[in-house]
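Look for subunit A in each of the two complexes below; its partner is subunit B in the first and subunit C in the second.
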Partner chain A sequence: MKSKRKNWTDYTLPIAFGVMIILLWQCKVFHALLGLQTYQLPLPTDIVSALSQNFGKTLSDCIVTISGAMIGLVIGSCIGFIFAVIATWFPKWGYGSIILISAINAIPLVALSPIMNLWFKTGMGQRIGVVTIVCMAAMTFNSYSGLSSIKPFSLDLMQMTAANKWTVFTKLRIPNSLPYIFTALKINIATSIMAAIISEYFATSTSGLGFGIKDNLRKAEMAMGWGYIVVASIVGVILYCVIVLIEHQAIKWHPSQR
Partner chain B sequence: MKVSQGKSKTHLFLACFVVAAIAVSIFSGCSSSSSGSSKALTKVNLQIKWLPQSQFMGYYVAQQKGYFKQEGLDVNIISGGSDIIPEQQVNNGVANIGVTWTSSLMKYQEKGWNLKEISQTFQKSGMLLVSKKSSNINSVADLKGKKVSSWFGGNEYELYALLGKNNLNKDKDVTLVQQDFTMNQLISGQVNAAQAMTYNEYGLLLENGLKDSDINTIDMNNAGVAMLEDCLFVKSDWASKNKETLVKFLKAANKGWADACDDPDSAGSYIYTKNKSVSLAHQKYMAEQVAKLVETSDIDESKIGYMDNGKIQQTADLGLKYGLLSKAIDVSKVYDTTYWKEATENNS
Partner chain C sequence: MFVLHHSSLYSLGTEINFKARSFGKGAELTQCLFVLIGKNLILLALNFTERFSAKTHRDGANAYEKEMGGAFMTTTGIQVKDVSMAYTGKNGEPISALKNINLDIKEEEFISLLGPSGCGKTTLLRLIADLLQPTTGTVSILGKSPRETRLARKFGIVFQSPVLYDWRSVRRNICMPMEIMGIPRKTRTSRINEVLDLVGLRNFGTKYPFELSGGMQQRVGIARALALKPEILLMDEPFSALDEFTREKLNEDLLKIWSQTKKTIIFVTHNIPESVFLSDRVVVLSPHPGRVSAVVDIDLPRPRSASLREEPVFYEYVAKIRKSFEGV
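On to the complex of A and B.
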């Protein structure tokens, strides 16, 4: 077993690795390997300078995309959870909701975006619509596993003490499903940002990271296009870390957090 | 179960990726080997800017009538699309010759891409800003406070020039939104004004039941903000190694364009058999309108593709002023007339 106290090398080595990759990139090692010109893969310094020149615009685009993604994530996850609860609470017919979600999950993103364009007038509505639908599935599947995979002896114990369905649900099923819910949230963080960005490819709105990436790459502003890509990944990582922190606080009792 | 599902998904994805990569490499290997061992015909790949439609009728007619074959060329026309960038296709060697907008080409050149214009197919701008009569947009000034749509991705600069020249701030005085490739946003009233090409989107409006009298138009040429559009371009080092092929291509292509402009009706019909895009009537309409951009009052069929330094300069000047370019460029480096001159020197 690994010791619980973190060694300084636990942090420095991964950082050094990352820095090395960026240095190799800057020294055109990847360009040489892949036979690329700097106008095809801009250098990190060019990306940073393009970003700093357009900082205000990038920031506002970032806020637009992320707020849409987060609202969609919350709504989608809630709906997904409700479907899982229905499937658990009414085992006889509720499983139909899982099948329904599977079917919705199979709709390709690129088909969903134009449909949401027709449904919603604003770019924000369209973005939230797409993200909501895309985030439902992971939550339904995971939380259904969590709500239904109860250890038989726990259920026996509850029944021995004459616990009713509601008590079993709140005292046993919900706590049991928490690790699964966090897994779903971690999946959904990445999914929601990706879905928001792809939806902007098809949206009427001219703000957002997705529009920035598409528009700049099409008109040869490669450094700026990559700038948007970098911002999108950084935000993704930050949000992932936030979820991991919340998870750590919420399910301290779980073996995965010890 | 959750975990194993995720893993098998990753594996499936990896497998697909590997298969695709192998397929691509075999495919590209095949095409290059077959071109080497084939008959006398030299293979040339032409990347058009959009889907096969009458906008590119000259090349299709040259193909139909065997003009390319007469010159010893086997020309393969590669269809474009919204995220297929001709400049990138030609630079990567997917295509040898490409069709793009001159303004867009300048941008790539500025960024260091080694590409050159070799023929200016459209002599005028085909771009309009259209609105429904009911929106009461009779002049550029009336656009103030209105919702205007654009395709963006490099297609927005004539619109920026139009607004800027008339003292409208593109960020404050109008609301710009992204336009899709139908005209539904304008027809349904979601936007007040939209970009339209004379040969394509304007026709879509007419086909959707609007009459000329229902539509207000602002023509970029009349507004003094015309930037050049469809042109042919190549990668400089490919061109210098394949000069003869390129001259032959231009000869045959110009013959195709001349025939198409003489008889746009049958050019449109032929293209409709190639790709059933929108409708037969639409392709015929497009052919007729495109002919007006290719052959103008001062450009007859012997001079199709003529590169007018003044017009290219105007494109660069507007581009610099309205955000396309970041520094002044030497326009004589945008294009190379050598191939076009040789291809047209025997024309009277």
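On to the complex of A and C.
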């Protein structure tokens, strides 16, 4: 097995690249290139100072949005997985659930948010509702592939030990679907944050990252609006890294982790 | 038992055709229609009777077996009696994969099913394993049906590819079937140690499949089958994906294991020297439809070692078997 040797340049070079982009931004290179003014694209220093002035408010908004996104992510992924299980367990008619999910997946976010507004009284309920529905599809499609694409002969092998359907599921299909489930979770992390933010645009609530972005941009507080965008991105990256770390521990055996 | 044969249905078809013709030249349209309807009816009937007859035939055989209490059935070895297997092709026509196979396999015998691809050797193995059901004919294993034998977990099976569970270490891979069978943990551990020694992988128990070479993976597959202490070991071209050197090494290892454990082994292969080197008997199958064209007893002394491959008597057997393919 080829061992991966970590070089110091493996870390420093990407970081240097990122710092360089921010420096170019600070030195208004992008403004010159794209013909923008600083109120259209605030400078990094302005964004940071606006954020530090409103740190408490940003943090509480962030917690509201992210907790809603995560709860929705978990519920949506579970429901999505159950649909995939139904499709695999009942091959004759179960595929209907996949079709149902693709239909739900086609509902645009801007339509979904007002509907959820009607369904749920609270902002949190609406947020979770939207995220749940948006997170179902990726999980269903991916885990269905994982549950059904098993190595040739492995079902025969199960049959030779007279294994029942439940055993085949728990010992063969579900472990086999783990890499696919992680792929779905990685997709869903970004999707859930995005869906939660967009849902707040249509909500009656007055908290959350989405409300913050909308409110500040409306009030022409551009630096603060951008501050919220930066926070949303950072949280997205952190959560993505958490999932990747868990994945690395959970499926060490998979080719993607070598 | 009433079984409608294809031939009789076919003659029925021509008869209808003939009768339609006798209506005279003026009734050409009627004739066409009649033939058309007749053909479809026959196809339908054929389809139905085939299913029905196969089912009744099997049920009948089972009932017979039960009635006689196995008195006239041998309770030793494996008997394959008049087994035929037909698939339905793309156009609905039956494709015969195996035709009238008769085979007696003794206990503790090492028997090879040899033939070119498409001769139905894997199909025959799967019929014995109850992974497929024959269209007609019966298979009996120690006086039981293949299904009973499978449900009693008396088979061990090794496939062309190792079919390992990527997420389990070597030890836990070997453990999997035993877990399913509910063998207690202590027995499992001791058996895993035992079979790892047998296949020479004692130091690789904690490795994962991706850390092993193809030959090692196949050994794990064999170890997993052996750990069940099966009465019958079915091997479906287990070494066909390996290079010549590894294959010959594993052949020698397999013989060693077999001499220590004394199972009945049914070994499917398309490699003539391999079959001669390993077997007590080689069953030569020929294709279209798959049938037994020769059964060759290999009277070579055991234990056999690598040097056997250099001896003239070995070549004689190889030549003899190769000759049996000629004129097929």
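Here, the second predicted complex is superposed on the first by the 255 of 258 C-alpha atoms of A that agree within 3 Å, B and C clash if a C-alpha of one lies under 4 Å from a C-alpha of the other, contacts with A are read in each partner's own complex, and residues count from 1 in each chain.
The criterion applied here is as follows: a contact is a pair of C-beta atoms (placed from the backbone, for glycine too) under 8 Å apart; a residue touches a chain by one contact, two chains touch by 3 or more.
Predicted model, so just to flag it, every value in this text is computed and none were measured.
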Worksheet item: Put the two structures on top of each other at subunit A: do subunit B and subunit C fit, or clash?
Response: fit
Worksheet item: Thinking of the overlay built on chain A, is A:233 touched by subunit B (first), by subunit C (second), by both, or by neither?
Response: neither
Discussion item. Output check: A:53 vs subunit B and subunit C. Expected answer is one of first, second, both, neither. What do you get?
Written reply: neither
Discussion item. For A:206, using the defined touch cut-off, is the partner it touches subunit B, subunit C, both, or neither? Pick first, second, both or neither.
Written reply: first
Practice prompt. Report for A:152: first if it touches subunit B alone, second if subunit C alone, otherwise both or neither.
Written response: second
Practice prompt. Considering only touches as defined above, state whether A:218 meets subunit B (first), subunit C (second), both or neither.
Written response: first
Worksheet item: Who does A:163 touch here: subunit B (first), subunit C (second), both, or neither?
Response: second
Worksheet item: With the two complexes overlaid on chain A, what is the closest approach of subunit B to subunit C, counting only CA atoms, in Å?
Response: 21
Discussion item. Identify the residues of subunit A that lie in both the subunit B contact region and the subunit C contact region.
Written reply: none
Fill in: Residues of subunit A defined as touching subunit C within the complex
1, 151-154, 156-163, 167, 171-172, 175-176, 178, 251-255, 258
Fill in: List of subunit C residues in touch with subunit A within their complex
129, 131, 150-151, 153, 155-157, 159-161, 163, 165-168, 176-177, 179-181, 208-211, 228
Response to the item:
Note: in the complex, subunit A contacts subunit B through residues 37-39, 114, 117, 121, 141-142, 145, 180, 183, 202-206, 211, 214-215, 218-222
Response to the item:
Listed in rising order, subunit B residues that touch subunit A in their complex are 1-2, 83, 85, 87, 104, 107-108, 110-113, 149, 152-154, 176-180, 185, 190
